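In what follows, a structure is listed as structure tokens, so that the remarks can point back to it.
Letters are used for the chains, namely A, B, C and D, taken in the order the chains are written, and counting of residues starts over at 1 for each.
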Amino acid sequence: MSFGPTTFISAAGSTPVLVIVIPLLAAMLAPIVSRIHRSVGWYLATTATFIAFLLSLSLLYTVIDGGTVSYRMGSWAPPMGIEYVVSYFNGFVLAVIAFISFIITLYGKKSVEQEIPEQKIPFFYSAYLLFIAGIMGIVITGDIFNLYVFVEITALSGYALIAMGKDRKALMASYNYLILGTIGATFLVLGIGYLYIATGTLNMNDLMQRLPEIYDSTTVITAFAFIMVGLCLKLALFPLHIWLPNVYTYSPSIVSALMAATSTKVMAFVLLRIMFTVFTPEFVLEVVPVTKILIVMSCVAIIMGSLIALGQTNIKRMLAYSSIGQIGYITLGAAIATETAMTGSLIHILNHALMKGMLFMVVGAVVYKTGIVNIKDMEGLGKRMPWTMAAFTIGAMSMIGFPFTVGFISKWYLATGAIGAGMWYLVPVLLVSSIMTAFYFWRVVESVYFKGRSARIDTLKSPHHSDEAPFGMVVTTLFLAGLCIYFGLWASGPVEVAKNAAAFLLGS
Amino acid sequence: MIEIILGKYNYWIYIALMMIGFYAMIAKENLVKKILGMNIFQTGVILLYVSISKVSGGTVPIIWDKGGPYDNPLPHVLMLTAIVVSVSTTAVALALIVRIYKSYGTIEDDQIVVINSHDGDKEIPSEKASTII
Amino acid sequence: MIELLDILLLLFLVICAVAAISMRDLLSSTIVLGSYSLFMAVVWTRLNAVDVAFTEASVGAGITTMLMLAALSRTKRFEFLYRKKGQQEDPNKETNPLLKNWKRKRFSVTKVSGLIVVLLTGAILIYGTMDMPDFGDPNSPSYTHVATMYIERGQPEVNVPNLVTAVLASYRGYDTLGETIVIFTAGIGVILMLRKRKKT
Amino acid sequence: MELEAIQSFRPLYAMLASAIGVLLIGLSWEKPNLREFWTILAAVIKFGLVVSMIPFVLAGGVYECSLFTVVPGLDIAFRVDALGMVFAIIASLLWIVTSFYSIGYMRACNEKNQTRYFMCFAITMTATIGVAFSANMFTLFLCYEAITLATFPLVGHKMTAVARRGARIYMVYLLGTSLAFQLFAIFLTYNAAGTLDFAQGGILTGTGSTALLTIIFILFMAGITKAGMMPFHNWLPAAMVAPTPVSALLHAVAVVKAGVFTVLRVVFHIFGPGLLDSLGISFFAAYFICFTIVMASVIALTKDNLKARLAYSTVSQLAYIVLGAVMLSPSSMLAAIIHIANHAFSKITLFFCAGHIYAVTHKTKISELGGIGKKMPWTMVAFFIASLSMIGVPPVAGFVTKWYLAVGTVEAENPIILIVILVSTMLNAAYFLPISYKAFFGKESPEDAGSQQGSGHHKVRELPMMTIPLVFTAIVSVFIGIYPDFFISLAQEVLRP
């Protein structure tokens, strides 16, 4: 099929709004229709996320073929009305987010049934879909205040989802996240207010055009500072990460997977978007030395995240700290701000979503089958859950950055980008962190395959139950594991898109 | 000097409110107090926005025959949303606090830390696992 | 120029805020917060933001206070405070054995670092306010750009005299949808957390 | 001179032979005989495919096979040239021999997890051929890391605490250095040269300052730990916890040779001898390597464990290859290339012997070997021949290397290195000859003598499944010592300007 650009704009039609409205509608339906049967909620969530994924894919193709798509809400022209913009940059992220949420939903049926009390499942899926709609809204909107509204929708549903964890610590995790998240969001809205005072507009494109004249105004600089700090809180950049480990550790498995794969990545995306398309590369590079600060912060995040992960005994917590390190990769690429490094940063949004989502899915499967979260108890699991553990090994290799996995692609672009920008001293940071990653992941792989069974696993031995996790969980996990290798070997497609997005961000 | 202070009087007050609320959010140990602080924090921001909308000599932004200068309606709209967000967050937070009180018997942050430190890192209870045993 | 009444009102807000966070009795705090919201509503009427004033009076002063009272009735009334020797015992009567020998310190790291962070934030905010247009300046960009469009075209295009309604329901109707979803989300969240398990 | 190149999937098929073998081995885990049949079939087919490419390569041709592009700049591509051929032919031939030996060893020792063992072995061989046939540094790095991963289960095969510790050291050294240094060097190379493809005469000429190129060279040298250079040699003795066939093929041939092969690739096709010469770091490197040669030999002298002594001997012998390469004189480079073959056949013989002794008598220490030559005559004669090769006595293979290496030092006018080679030769003799002496003329320990006279049940007997391979490799060692022409002609093909 081939469409001309004009036909495609019309073909795109109201897709941008449908992407959000469909999960929203499903979220509203979920508590009602689930009265029919308890698994209806899951079917609804799967269908909705699948449709959203297809729509986001079609949007991405529209953008690749015909350039940026703009959708005017209620057909009011910006800057008066609210605008939805899909460019290379957010079209790519949107597709990634939609895809991962679809896979995780597909995976989650059994896990949700086990971990969430039955009468709460319909509401759980409702909150779950609201969360997804929220993050998609964040990605797609072109209006900075609308962005805040979606951030709050995501956050509110997130708090409820986290609190569903079985351990009572989940409640405190959720509460602390609520406090810090609200501080972050309020800082964001404060920054938006300052921007509004300085420019009189809320539309991102309009802001970009009106800001350069007043770059040296203290109001604009303060606005930028508050937005940055607010977002860094939300994306858990070290040392603003304190809410994250507990949230990932005590949430229900499916929520850990979803949040690890999407929420921090989306916030990183917003950071990039505001740094480069609301403000301009000139601003962040020349007017305020923010990239220099961000480079230092990212390096600290990369090293500290990996270092703390080394000492963890709970596997979910280990993965959480690993995420804190990996967030540093994304911000590092953005802070170097050359096209190659930025490509690395963007491709890492996809890659890390794949890897970390998959690893949390593996942990979810282990928890589902055995209830084990301590690394020590996982000894000998390799024989009992061979497929799940194979996926884990692939994920581990990818996190380390072996050259046939997606992890290597990210590292390749980040490192060559850093060297190309004359910052070769950043490469050792990346390499040291991958060695540390190798340490803490290989520790798990080794105990899973090369040790006898732990006492805990032996007690679970039973002739009547299969040892492997349910089919649906294993297949989706392996599918993502396969993608980790597939996109590690045939990376040209996503890299091409990421490269265009990077060029778009840097305004060249 | 006095001009600066008086010319931006509303802004100084909003900064003061924000600081009070922000302090309560991060430094108070009582979970309900934190939420009180959060409310003050957010109304501070609302005060900022509404102050932006004011124009000297402006009237309520409702079009009548007078036709004089009207105040900026946009921040009002935004703040309606912000108030709703604020109360929604409060509701969720309070629901959480009720749950926390039920399982910990206290709503003091530092006390909960003490209780948690005695908890250890327990395994996630798994119904399936217990049936296998 | 700002009037004396406004100055007093705003000062009173600060006093209410300080009182609300420093009271030991959470019930009193909540009531003070309610009156704080009411005064806020008055401030907003003075600032010509009548719609916001309505909402604040009903949602801020009304619903928030109700929610707080509901939550307090299910938890504790008193905040646990630092005690010097000889002062009265904890009004909540701690029963948890783990907390028997536990004492709250006078100054904790969070308190001190919190104060520093707050002062820093305040300083940055003040710095940012320096280049802002003065209060009520009709030439400020916030008034001359999009706002003017709303004021000039709102009435003819949407045909509602109240410009706030026009913007709310039409130009930025999507934000309002978002607002509704926020309420819905909060509702779902509260149900998820507070719904009781069926007894089976 | 441009090389004649043809596009062909043949190098890929050579890799696929063992890759498909992995699947078949895995599927027939219930039938050991069928499983072992697949191993040998895959090995034979692979060898056949490699051999079929010899004539064209000897005639100065190159097979090329470009698979796909991962991202622009990173291609998965294969290329068969003379240097790769030297490595590939040794690895694939010795895989056949080792397969037979493995079957004998694993069954004699009743090892567990034999399916995993044979599968990992086949994966390693696939990756090894991949290293040999890589057309660029990225493909090589990919296969290099794949070897590390696939050999990890082999090293930790016994799954005891000692084995796990050994495997962990193995992993930490190989993975840590390759990720930290080699990958860094690759990043810098790509940034400087804009490509990673191997080319005759190097790709880095005129691309960066002397300091940058020196740093790249040092990073490569530090990163290619598989070559066993000090101070990153510790993994090799640690890896000796593996079953002996693994030590024999992997830690005498595939893994370590992948390391030195990568060094040769870097020297010949990334930097090029000309560039290295102008950088002036080659002699500095050579002295550094001389230290490794002497130190490793001295440590070997102190080891009583037979496999440990062989491991340190390997460290020392690998250093010859690297030394030959960095000396950059024509004869020494020739010596470096042919020593890949010479050392492979001799060292594998020695390991086979050690494994055979262990399988039959469960002895691991040299001090316990008194009189064993009478009970295992074939084995110990083969051991003696291979030791002669290690020392460099004509007419066994090792002599050829030492000869060309010595000529190389003369060409380079560097008497110090010549002295080092002579000293190391004496050290080689000092730690190898006593073993053979003890085996043939030493006294049996009393309890062994006792058990010998007891019931015939315990009688020490050589196992044909293990004896035949080691006799074969010993004969090959002698053969290529007398007729070294084949490998020399391949090496000349590599060095042709």
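The rule we apply is simple: a residue touches a chain if its C-beta (ideal position, glycine included) is under 8 Å from a C-beta of that chain, and two chains touch if they have at least 3 such contacts.
Since we're looking at a predicted model, the values are computed, not measured.
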Note = By label, the chains that touch subunit A as well as subunit B are C
Message = Among the chains here, which has the CA centroid at the largest distance from subunit B's centroid?
response = D
Query = Looking at A-C and A-D, which one has the bigger number of contacting C-beta pairs?
reply = A-C
Note = Per-chain Cα centroid nearest the overall protein Cα centroid belongs to chain A
Averaged-CA centre spacing for the pair subunit C and subunit A, given as whole angstrom = 30
Inquiry  = Can you work out the whole-Å distance between the CA centroids of subunit B and subunit D?
reply    = 67
Query = Centre to centre, by mean C-alpha position, how many angstrom separate subunit C and subunit D?
reply = 72
Inquiry  = So the centre of each chain is just the mean of its C-alpha atoms; given that, what is the distance between subunit A and subunit D in Å?
reply    = 45
Note = Residue numbers in subunit C touching two or more further chains are 125, 129, 132, 140, 142-143, 146-147, 150, 172, 175, 178-179, 182, 185-186, 189-190, 193
Note = For subunit A, residue numbers touching 2 or more other chains are 145, 149, 152, 156, 159-160, 163, 190, 196-197, 202
Note = Inter-chain touches occur between A-B, A-C, A-D, B-C
Note = In the complex, subunit A touches subunit B at residues 114, 145, 149, 152, 155-156, 159-160, 163, 166-169, 171-172, 174-175, 178-179, 182-183, 186, 189-190, 193, 196-197, 202, 313-314, 367-374, 377, 459-460, 462, 465
Contact footprint of subunit C on subunit B as seen in their complex = 6-13, 15-24, 26-30, 32-33, 35-37, 39-40, 43, 46-47, 50-64, 69-81, 83-92, 94-99, 101, 105-108, 110-111, 114-115, 118
Ask   = Within the complex, which stretch of subunit A touches subunit D?
value = 397, 400-404, 409, 411-413, 415-416, 419-420, 424, 427-428, 431-432, 434-435, 438-439, 442, 446, 449-452, 488-492, 495
Message = Can you tell me which positions in subunit C touch subunit A when the two form their complex?
response = 124-125, 127-133, 140-147, 149-150, 153, 170-175, 178-179, 181-182, 184-186, 188-193, 195, 197-198
Query = Which of the residues in subunit B end up touching subunit A in this complex?
reply = 18, 22, 25-26, 31, 34, 38, 41-42, 45, 48-49, 52, 74-75, 78, 81-82, 85, 88-89, 92-93, 96-97, 99-100, 103-104, 112, 116, 119, 121-129, 132-133
